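Next come the structures, one after another.
Both complexes shown next keep chain A, but they swap its partner, so chain B is in the first and chain C is in the second.
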Partner chain A sequence: MKGFWPVRLGSIGLAIAAAFLIDQLSKGNDFTQRLVVLAALYVTLAVSLNLINGITGQFSMGHAAFYMVGAYTAAISTLFHPELAAKNPLLWLFGMIIFGMVTAGIAGLLVGVPSLRLRGDYLAIVTLGFGEIVRIVANNVKFDTKGGSYGFSVDVHVTAVWLAWLFAFSAIAICRNLLSTARGLTFLAVREDETASLAMGVNVTQTKVTAFVIGAALAGGAGAILAHFEGFASSNMFTMDVSFIIVTMVVLGGTGSITGAVVAAVLLFFVPEKMRDLPDMPIGGITAFFILTGLAVAALRYVSQHYHGAASRKAMIYSGVVIGSVIVAAILGAALNAIPAVKLVPLVEGAKLRLVVFAVTLIVLMLLRPQGIFGKSEFSWDWFRRLGKKQEVATS
Partner chain B sequence: MPIHSIPADIFLPIGGVELSTLPQQLVDGLLLGFIYALIALGYTMVYGVLKLINFAHGEVFMIGAYCALFTSWALGYIPNNTLGAGQWWMLIVMLVASMVGCGLLGMTIERFAYRPLRNQPRIASLITAIGLSLLLQYGGQIFLPLNQNIDSKINPAAGAFTIALGGGKSVDTATLKHTLEEKQAAFEEYLKRTKADPFNLDADGKKIRSEAQAAERDLKNAADTGKGTTLVIPYGKVIAMIATIFLMMGLTYLVMYTKRGRAMRAVSHDFDAASLMGINVNSIVTFTFLLGSVMAGAGAMMVATFYAGAKIDTFFGMVFGVKAFVAAVLGGIGNIPGAVLGGLLMGLTEGLVSWLGFTAYKDAVAFVVLIVVLLLRPGGLLGSAKVEKV
Partner chain C sequence: MSLLQLKEATIRFGGLTAVNAVSFEIQPGQLFGLIGPNGAGKTTCFNLITGVYKPTSGDILFEGQPIAGTPPNKIASRGICRTFQNIRLFKSMSVLENVVTAGFLRHKTSLLSSLLYTPAVIKETKELEAEAMQLLKAVRLDHVAHVCSADLSYGMQRRLEIARAMATQPKLLLLDEPAAGMNPQEKQDLNGMVRNIREQFGLTVLLIEHDMRFVMSLCEQIVVLDHGQEIAQGGPDEIRNDPKVIAAYLGEPA
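Take a look at the complex of A and B:
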């Protein structure tokens, strides 16, 4: 273990420094701050779902429920003890994160136990159903006079962007370090083959439940931060779509890859956010986009299955197909828009395309690269080392 | 024993729950259950053949409703039309149109989204299905008109069966009516006298108005008590039920007594062995998707036409899709009679939940039923649970 402590302390220091750097950079602009905090929360959610879906192989689709449990716990506690929250806001926020993690962890236990009997798509459905049950119940319960189906408002005393990022970094660290322990390897064993790992003495039950509890707890902490940052928590913020978005992030990054989850979370958060500002678009262009996406996917699939030449040539063909289809899409869109009948159709709001992008991403990704961007591999410094010695790798 | 001799007491409220509305809720639930069963057939057949939960099935249903809507527009029933009641052939044209539209969509989805992934892990198909469902929901918002209604005039069988179940009490409505007229007259006279704004009354005005309202309520309650328990079943829903039964009989014939149906059952039993026995597996899978989607299309047309207040938008299929899916799992997914049983049970459960006053929790209850079934009897009511152990 040469250099264990320097590396460890160095990474911790780096994470804290990065969190505060992000805080400083986003200061002054409420809108940027909100985006940055939400990005951190989505990173946390994607990483925590990756622990359940990717690393342990239990396909869960109700992650928004745990997020919601954490947010509601924090919101309701703050509602009933406003004086405590005002006295020491930062300490209270820390406490709320812990409390949200505990309640969401208990919810994770509740979902994790049935998962012992169910696999694959059945588990997916049960977790999806659990998410909906929690949301519908929260939507209908009358909670005193202080809120209920319209949600709860929370007094915001402190805006801690750094805390959200520090929490995200901790989530990453927990998942990463877990995998380098002997106990962490049991998670992977359960994913690869449940029966074989059972035969090798792995406690499958315990492993699955642990994964659910840790994943849920991290999501709950994110929920607590959300409630305290937005100043508001309502059941409409945690619909099925949120669960689907988190699943998309995990799948896009590569089911099982923490790096992938982080990269995909950031990408899939910022790209649709930017799409809110899109100008209104003519319907012909959108139709052309749909048609050409389909054709490009078909062409790419054909190339990947029928061309067996050098990798560099293959990459060239790929980029040729993509560039070509963009050009054809532009021409087709212009042609469609020139049709008089199409001109009469009112322009489509760009923001409407936000969730369409998620859907198209999911389908295209599954058709072209089912293993996701990173597959199961993780970020490592070796990549950069290898870049320097490209020749040697190629020959070996 | 004739129906009207049921003692009045059994329909009295118990613990705040109005027992007299139970028969109506159960019948409504049962009728809706037939529609659920029709959609559940699509889920169950696809699962039987491919072991895939076709999440996009609810969206196929939604497109079916749109096909029916566009056909009704093509027949002249555009919004604010001045046409009279429709003809029977119009309903049949709408039914065929939405069945054909859904069938084509189902086959397209199978060919271009699911077939390329058949050799990948099943999770890949599941995620593609979710993606397709989102694409049809949100992409549809760009291309399709939202919040539309099929004009109810197109249904030639307007009206409803009204069945009295007895339980009425004789109430002196004449006196109550007289009181109401008196109070209303007093209120109108007050308005005339003071020239008050009826939307902004002072204390006196409010008192007179509330007296009039109370009298109106009394009369209405008395009329309800006098009527006893009646069942109101619109003709349209009965037509939907009969059509559903015929469709199911057709499906049973197709699956059980034709060569293609036998091939379908073989594929569902063992995919690889069936292909070794010379069955064209791809064509059977396409056929299964076609059948399932056609059933969904028929269901969509009937809901959109006969169920008043069904607003068609791109999320139209979501609730029905989820309920039908639960129904399929409840009956034992992959099992055709199970899907019908599950659909009917789901409908009845929903009726009961509404009757108990938990209408807001209706969608949650579907999931609760699902989870309980999966935990206690993972194979569903009619299915056989398989333990996946080596």
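Take a look at the complex of A and C:
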């Protein structure tokens, strides 16, 4: 096919260049490096869960389990073959990523085959339970004195930011490739209507299991990278919270959108980290902030449901509401802080406020945009081409 | 040899016999009608043929081979495809994507090549899209190929269902109330379209319909069901004058 190889090699080259650029930019600071690696792993996890939850429409809540299977595979393999691992750590990590993908993929198959007959909340409960079972089993895995609830130390420590990002890019590419083909459309069809998919010759069970296994395998690869980056793997790194945060990333980005999963993973990972620097604040200001957030959300929802005029006018009203609420919040905050009794209350630590603000942000987003940031759409260059053009209208 | 043969096909749901010993044969190339009052068991009959249900007793032969109990997706690849009474499109997908999805059952490329997006897969996807566009032309939906299927009008959605079923390249096409909710003009269009499709693609069509004028003008052979029983079979003229059919539709004369 003409033009295939230039495009293919070009995009692979671009991905490698981007991965190394991120590596270079994050160099020098251990803390930044750790954040950047974890961000890559969360991108991989969100994209892989999106394949299951978003694209194929099967609500899985135990993704951390597959992440853990990958990490434990790498940790235990390293424990048994330390000299082999130490010989060439990078090559070993490559091998462990693949091995982790295989074991997590098998785990995905074992869970998927019996449980994918269930739909919706039933599947969510089963996968949630599976996640806990795996964690508790791992909590009790011991070799001599190693393991158990302390986990395993992974003595072959590899800091390869570029590899983490390259793996994330590969996960994105795999999902994107799949969706560009007719086979990918059958995954969407299963999400849309199982009965109709069957009647059109789609093997629904096989499609669901395939999505589950691919998603699990990608999470397993991320787990192997994590184990070698952190230098240890223990069961308390993979609690239910991790599964929940991955689900939140997928839902917030827009269930079914790969772009959304990537953007939400980066946002949800970095925003809480950045908010550690939040300054200490007086209670009056905080109260004013929350009251006005509530009022602004109510106003924005009202406008979006009742105003049907031109889009530009609507955007102006929206920004008016937002700017207005900020101003009113500032005035109200200052007024409340001026009350003598309020002055006596000590400042609230910014670091403690962090998670509250985070939770409120999520609630606000879900109220204003329940379909997620990107809905079901993907990033495409066509957006720029289509800017300003009218939408197509269906007529018979 | 007949294309499809039902031999005393029966299905019971608990105490209810929804379809009771129904037998008929469809010859290749026929336009075959299945009619009857509401609750007569017509759609259940479709569900038996397409593998949604397994008959309690009796046989269903397609091209001489028994197909009763085969899963629906296997039956689709054998060459029987259907539309649904209550439209079941893949709503969030575009018109073209709906048709391409159905064409996928003839794929030859592997999962791995899809994940790697190899030239072979790109070629296959392009071919499926080209075929899908042909089908969309046949049902006059090519101008809305990239519109989201949920945004189509009712009549267009019905036509898209036909195009999607056609994409599996069936030998036998089952249409479940294709004219439901259409106005007389749309029904006439549909009549022409079904005939066209049969000529163009050499299909056999089995259809369920309530509109008598529509069925009588389109079908060459008709089976009438009532309360799961087959009460009459024959050409349009025989059916029109059959006292049992008149009784089933209009009630017994006083």
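Rule of thumb we're sticking to: the second predicted complex is superposed on the first by the 333 of 396 C-alpha atoms of A that agree within 3 Å, B and C clash if a C-alpha of one lies under 4 Å from a C-alpha of the other, contacts with A are read in each partner's own complex, and residues count from 1 in each chain.
Everything below uses one rule, namely that a contact is a pair of C-beta atoms (placed from the backbone, for glycine too) under 8 Å apart; a residue touches a chain by one contact, two chains touch by 3 or more.
Quantities reported herein were computed from a predicted structural model and do not represent experimental measurements.
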item: First (chain B), second (chain C), both or neither touched by A:286; value: first
item: First, second, both or neither for A:352, with chain B first and chain C second; value: first
item: Which of chain B and chain C A:295 touches, first, second, both or neither; value: neither
item: Partner chain(s) touched by A:201 [first = chain B, second = chain C, both, neither]; value: second
item: Touched partner set for A:119, first chain B, second chain C, both or neither; value: first
item: First (chain B), second (chain C), both or neither touched by A:251; value: first
item: Greater residue coverage of chain A in the superposed arrangement, chain B or chain C; value: B
item: First, second, both or neither for A:181, with chain B first and chain C second; value: second
item: Partner chain in contact with A:133 - chain B first, chain C second, else both or neither; value: first
item: Which of chain B and chain C A:363 touches, first, second, both or neither; value: first
item: On chain A, positions contacted by chain B and by chain C; value: 195
item: In the complex with chain C, residue positions of chain A that touch it; value: 1, 4, 174, 177-178, 180-186, 188-189, 192-193, 195-204, 210, 214, 256, 376, 392, 394-396
item: Complex contacts: residues of chain C adjacent to chain A; value: 50, 52, 71-73, 76-77, 81-82, 84, 88-93, 97, 100-105, 107, 109, 111, 114-117, 119, 121-125, 128, 140, 144, 146-147, 151-153, 155-156, 164-165, 167-168
item: Residues of chain B that touch chain A when the two form their complex; value: 52-53, 112-113, 116-117, 120-128, 130-135, 137-139, 141-143, 325, 329, 360-361, 363-364, 367-368, 370-371, 374-375, 378, 388-390
item: Partner chain B, residues of chain A touching it in the complex; value: 59, 114, 117-122, 124-126, 129-130, 132-133, 136-137, 139-140, 195, 241, 244, 247, 251, 255, 283, 286-287, 290, 294, 301, 348, 352-356, 358-363, 366-367, 370
